[in-house]
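Chain nomenclature is as follows: A, B, C and D, assigned in order of appearance, with residue numbering initiated at 1 for each chain independently.
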Amino acid sequence: MSFELLLEAIVFGVLLGCFYAAVSIGLSVAFGLLDVPHVAHPAIMVLGSYCTYVLGRYGWDPIVAGIALMPLFFLLGVAIYRFYYESFEKRGSDAGVRGLAFFFGLAFIIEVGLILVFGVDQRMVEAAYIGRSLALGEFRIPWRMVVAFGVALALTAGLTIYLSRTFTGRAIKAVAQDEPALRLMGANPVRIKQWAFGIATGVTALAGAMLIVVGPVEPSLDRVYIGRTFAVVVLAGLGSMTGTLAAGLILGISESIVLMQFGASWAPAVAFGLLLVALGIRPQGLFGR
Amino acid sequence: MRFVSFILGLAFSAAALAQSAPVKIGIGIAQTGTLGGGGKAALLALQMWVEDVNARGGLLGRKVELLAYDDQSNPATTPGIYTKLLDVDKVDLLIAPYGTVPTAPIMPLVKQRGLLLMGNFSFQVNHTVKHDMWFNNAPWGDATSWTEGFLRIGQNIGAQTIAFIAADQEFAQNLANGAKEIAKKSGLKTVYEQNYPPATVDFSAMIRAIRAAKPDMVFVCSYPNDSVAIVRAVNEIGVGPTVKLFGGGMVGLQFTPVMESLGSSLNGIVNYHSYVPGMKYPGIEDFLQRYAKKAAEAKVDPLGFYLPPFNYAIGQILEQAVAATKSLDQKLLAKHLHGHEFNTIVGPISWGPDGERARPAVPMIQFRNVADKNVEQFRQIGKQVILHPPQFKSGDPVVPYEKARGGN
Amino acid sequence: MKFWIGMAVTVALAAGLALSRTNEYFFYAGFVVLQFVVLATAWNILGGYAGYVNFGTAAFFGIGAYTAVVLFKAAGAPLALQILAAAAISGLLGFGTGLLTLRLRGIFFSIATVAVIFIMETAMVNWRYVGGATGMQLLRPPVMEPFESYTRMLFVAMAILAVIAVSIARYIEVSWIGRGLRAIRDSEEAAECFGVPTLKLKLFACTVSGALMGAAGAAMPMYMSFIEPPSSFSLTYSVSALAMPMIGGTSHWLGPVIGAVLLGSVQQIVTVTISNEINVLVVGVLLVVFVVAAPDGVLGLLKKLRWLLRSSR
Amino acid sequence: MSKHFGGFSALSEVSLEVAAGERFGLIGPNGSGKTTLINCVSGALRNEAGSIVFRGEEISRLAAYQRTRRGIARSFQIPRPFHSMSVLENLVVPLGYVVGLNDTDAHAEAVRILKTIGLADKAQTPSNRLSQVELRKLELARAMAARPRLLISDEAMAGLAGNEVDEVLKILFDLNATGITIIMIEHIMQAVMRFSQRVICLDAGRIICEGAPAEIVKNPEVQKAYLGA
């Protein structure tokens, strides 16, 4: 593979990687910090894409639609966590196994619900930055990737700063590390976790909007993203936000190089390969506690 | 697969048909998924034929009933659908799903149970199974009939090297492998070839690789969703100045919704088709007008050039065969179909021993000065210029592709 | 003893039905229900008894199917040999996944098994001999004597496989292996410290569970007379094989059988009457409802009912 | 032997000997490496350096269940019953896997052990319905069921009332009387001092003193370790 093709692959990989980070950061909070086995995270993201598509039909720009959907998805997140807490975490027992099955069932319900409403056809959105590319000499970088990169970067940075700088952000990190201690200090961990899960789901709406900007979406797309998001979160290390960006870039670049060198049929295995390697060697991830 | 049952009995002839049981024809056909655009139009044409044949007294004096299920363009569903059509709905005649990929899984089933299957725009789906009761309605036969037009146009304008992209599925692999052999035989050097999985969404990497390979021609074998993504990627990234000819086997660029949404980015592409305005067949104009009215009501593909005429032709062939043999016995019908030629609204149709067209004629067209967001423009002659075969030729190719595309 | 009579009756019933005049579609749908009995029972050996939630059922099922295809294409092997080979290969894959449990537990193990599905699928997509992503048509061999159609033979074969799977599950459950697995599920550290060879038992459970799933997959290519990676490795197999024991009840070998028959039949009826997607929706909804409302499944409900009846008298 | 987790060395060059049949006390502030030590001995953890010899056999390479079968049993600081099983069945696990009894003998033997430890009436109750002290007794009963030569009791009396402490102490004394060597880890000083023939004190992964209980109590190092400088 010639040098400039490799360079082009790396540039494309960086754009893709940052997008993967934004897609996974919601899961970093839900699973990394709150230990909620949120296997339905990619399905909720695809739901966000379809809501963006519906708003797009009324002329909304995808990014604006994504931002507008965030409060709605925040409430959805709060509701889901409330239901999950009442049915599983409160009872303690082997909540892990049942919780996992619950989220897997939820992912399937969302996926099939989308098929019933929208059919299995691919859906895409129209926007000024979709379809044209930025010409840098020989290189041509599609604008849709640049825009997704920008929004993703803002999203990841925003959430990282929110969690480390603001009061509620630190409370969320505290509840992740030592819930009993927090309880002794008079804070109600359930409400904090609920708020955190709401934010994680709200952020996922914007990630979903970016997903449909990057390319056409179909209901079963969430299955491939289960691998990618968990690969990023595990590689990053549980609860490490900055790690999510680094892990996303690693995944993006390696997938892009494999795509260029071996063709698209090997690309899906890259994420899962990385996931298995990360789980095997360093389950606590690169930056994990 | 939504149970879509269309029982159509016109009032004034109902009395004549009421007493005997209906002739049931079964089909699984894509209403959703990558082939959905074409499937909806094809099903509408079949329903038009059922209405017309019932108006003429049905088959053997019995009302015709069409049972259709949506196979979602997914091959995994068709065995289930056709077993249900045969064992639960107990249909009398079978029509194949639209497209090679959904049809492939049921070929062993119909061969083992010795059933007549009317093909529906599949490509070489019978070449391994070799079922002798298979009759394809498509205008193409083997790979040569499809690709020689494209390759000869390229060589006439001095092309020496060629690149191939093909989806990793039954249709694209059959076509691409055939095309590669013919290209080698006619002295073309392959500089790049790549198979991609059917679910691929982003083709920028492949288009960049083609740019780097600098081929004279690019032969693409793709299904509708991929075709749209490829045209978009070419629009975004461009294939480079050396490419004289781009296209060949891109399914989907014949569906009106796709042509409308791609619009001007289609310009310059040289691709196959089945029927375009300017090809004179007896009765096709009248059919297209009637079809356009019905399509508007059903909010389906308003032009109906690609699949509808050939699906209506399936009905015509069945009607003539059943009338001639006076029976619904599938073996008898098959024998009759092998021995005769049938006049249809897409010209005379007869088959070789493998059930593919005896005299194939696959038009290669080039999109010229197509405007955005305008469907009616495609009814005029100049938008899809026929470059091959000679008997329908209406113009010479505009080369190279970047110029014809008028792109950046 | 009652158990073995039940098993013998089941096989006799299946064979009798296959030779009777019943409509062909019954065998087409019945095959799928029996296949899920095998998958759910196999899943429960690892998931229910040992508490390791395996989301990778689709991987073992798919590998079993592809092993059968390779044997059929290369050597025209008969169905029985295909099933045995598929069980062996998938058992090997199960052993491999078992080694994962050395370092991974809970959700990490489950996510790793999802990874196994996609890696196996990508491997098959890139293996031209078995048709790659294109998939492959398979011509069924001529039908062997007593059966009128190949589907009926497959139906009886799957019934026998279901009986074997249930017998294995029952043997494990009542034997000391089952007690060891339950100890692992309750507390792996305590089990190890009280003499239970946890690694050996986990590997055993993974291998047996994988082998049975592979065997269930082996008959699939002949049943469909077509094989392609996306449908052979579909996540629907993983969720159904997980949902059925959860619905039926994971603590007893009868649980997965009830779940499979209940859910499997509802799926087949819904597919015929309404549409294919609804049947997947049914799986999702029932899984969530039972996991939340009835954690111990139908068996749990029955036990509570019996307890209420006894104490109210 | 020594054991470290990444950079942190939990145990550095600790060496000690316990005679057969001895009552041995192990004390030290939290985080001094007590539990790490017994986890290495019981096989839950692997020590990087050094060796563990039990009745003349090097066992640091063996898995925990193999060590249990050679006669090392332990109870857990936080009780870990097999919660889906009854109290009786909890004992049947070690009786089956360690002692190798068939089901009927195992059940009979389990009932006998439950009588000696005073849990006979709770035989059929599911183990997740037991009180704290009953759970502690179950831990000891399970350890006894493994017919150990060496029993490690890891804070079996933490958080118990005075009379309950005496009850557990009596059980441990009776076990020792049958020839079982016992290593006791406790923070309740008067219990350890009353029970142990010899005591060592661990602090920050090192043995800081060893000797009879009376000396240990007076030793300034021990007081400094516990009460801080």
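The rule we apply is simple: contacts are C-beta pairs under 8 Å (C-beta built on N, C-alpha and C of every residue); 3 or more make two chains touch, one makes a residue touch a chain.
Keep in mind that this is a model prediction, so the values were computed, not measured.
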- [ ] State the pair of chains with the top count of C-beta pairs in contact.
- [x] A-C
Task: Whole-Å gap between the CA centroids of chain C and chain D - done: 43
Task: Approximate Å spacing (C-alpha centroids) for the pair chain B, chain C - done: 40
Task: Separation of chain B from chain D, taking each centre as the mean of its C-alpha atoms, in whole Å - done: 77
Open item on the list: If a residue has to touch 2 or more other chains to count, which residues of chain A qualify?
Closed with: 265, 268
Open item on the list: Two or more other chains touching the same residue: where does that happen in chain C?
Closed with: 125, 132-133, 185
- [ ] By the touch definition up top, name every chain pair that qualifies.
- [x] A-B, A-C, B-C, C-D
- [ ] Over in the complex, which chain A residues touch chain C? Could you list them?
- [x] 31, 37, 39, 83, 87-88, 93-94, 96-98, 100-102, 104-109, 111-113, 115-116, 223-224, 226-227, 230, 234, 265-266, 268-269, 271-273, 275-276, 279-280, 283
Task: chain B contact footprint on chain A (complex, rising order) - done: 2, 4-5, 8-9, 12, 119-122, 131-133, 135, 140, 142, 214-216, 256, 259-260, 263-265, 268
TODO: Name, in rising order, each residue of chain C that touches chain D in their complex.
DONE: 176, 179-180, 182-183, 185-187, 189-199, 251
Task: Residue ranges of chain B in contact with chain C within the complex - done: 1-3, 72, 74-77, 79-80, 83-84, 86-88, 104-105, 107-109, 111-112, 128-129, 168-170, 173, 195, 197-199
Open item on the list: List the residues on chain C that touch chain A in their complex, please.
Closed with: 47, 51, 53, 55, 100, 103-104, 106-108, 110-112, 114-116, 118-119, 121-123, 125-126, 132-133, 185, 235, 239, 242-243, 246, 277-278, 280-281, 283-285, 287-288, 291-292, 295
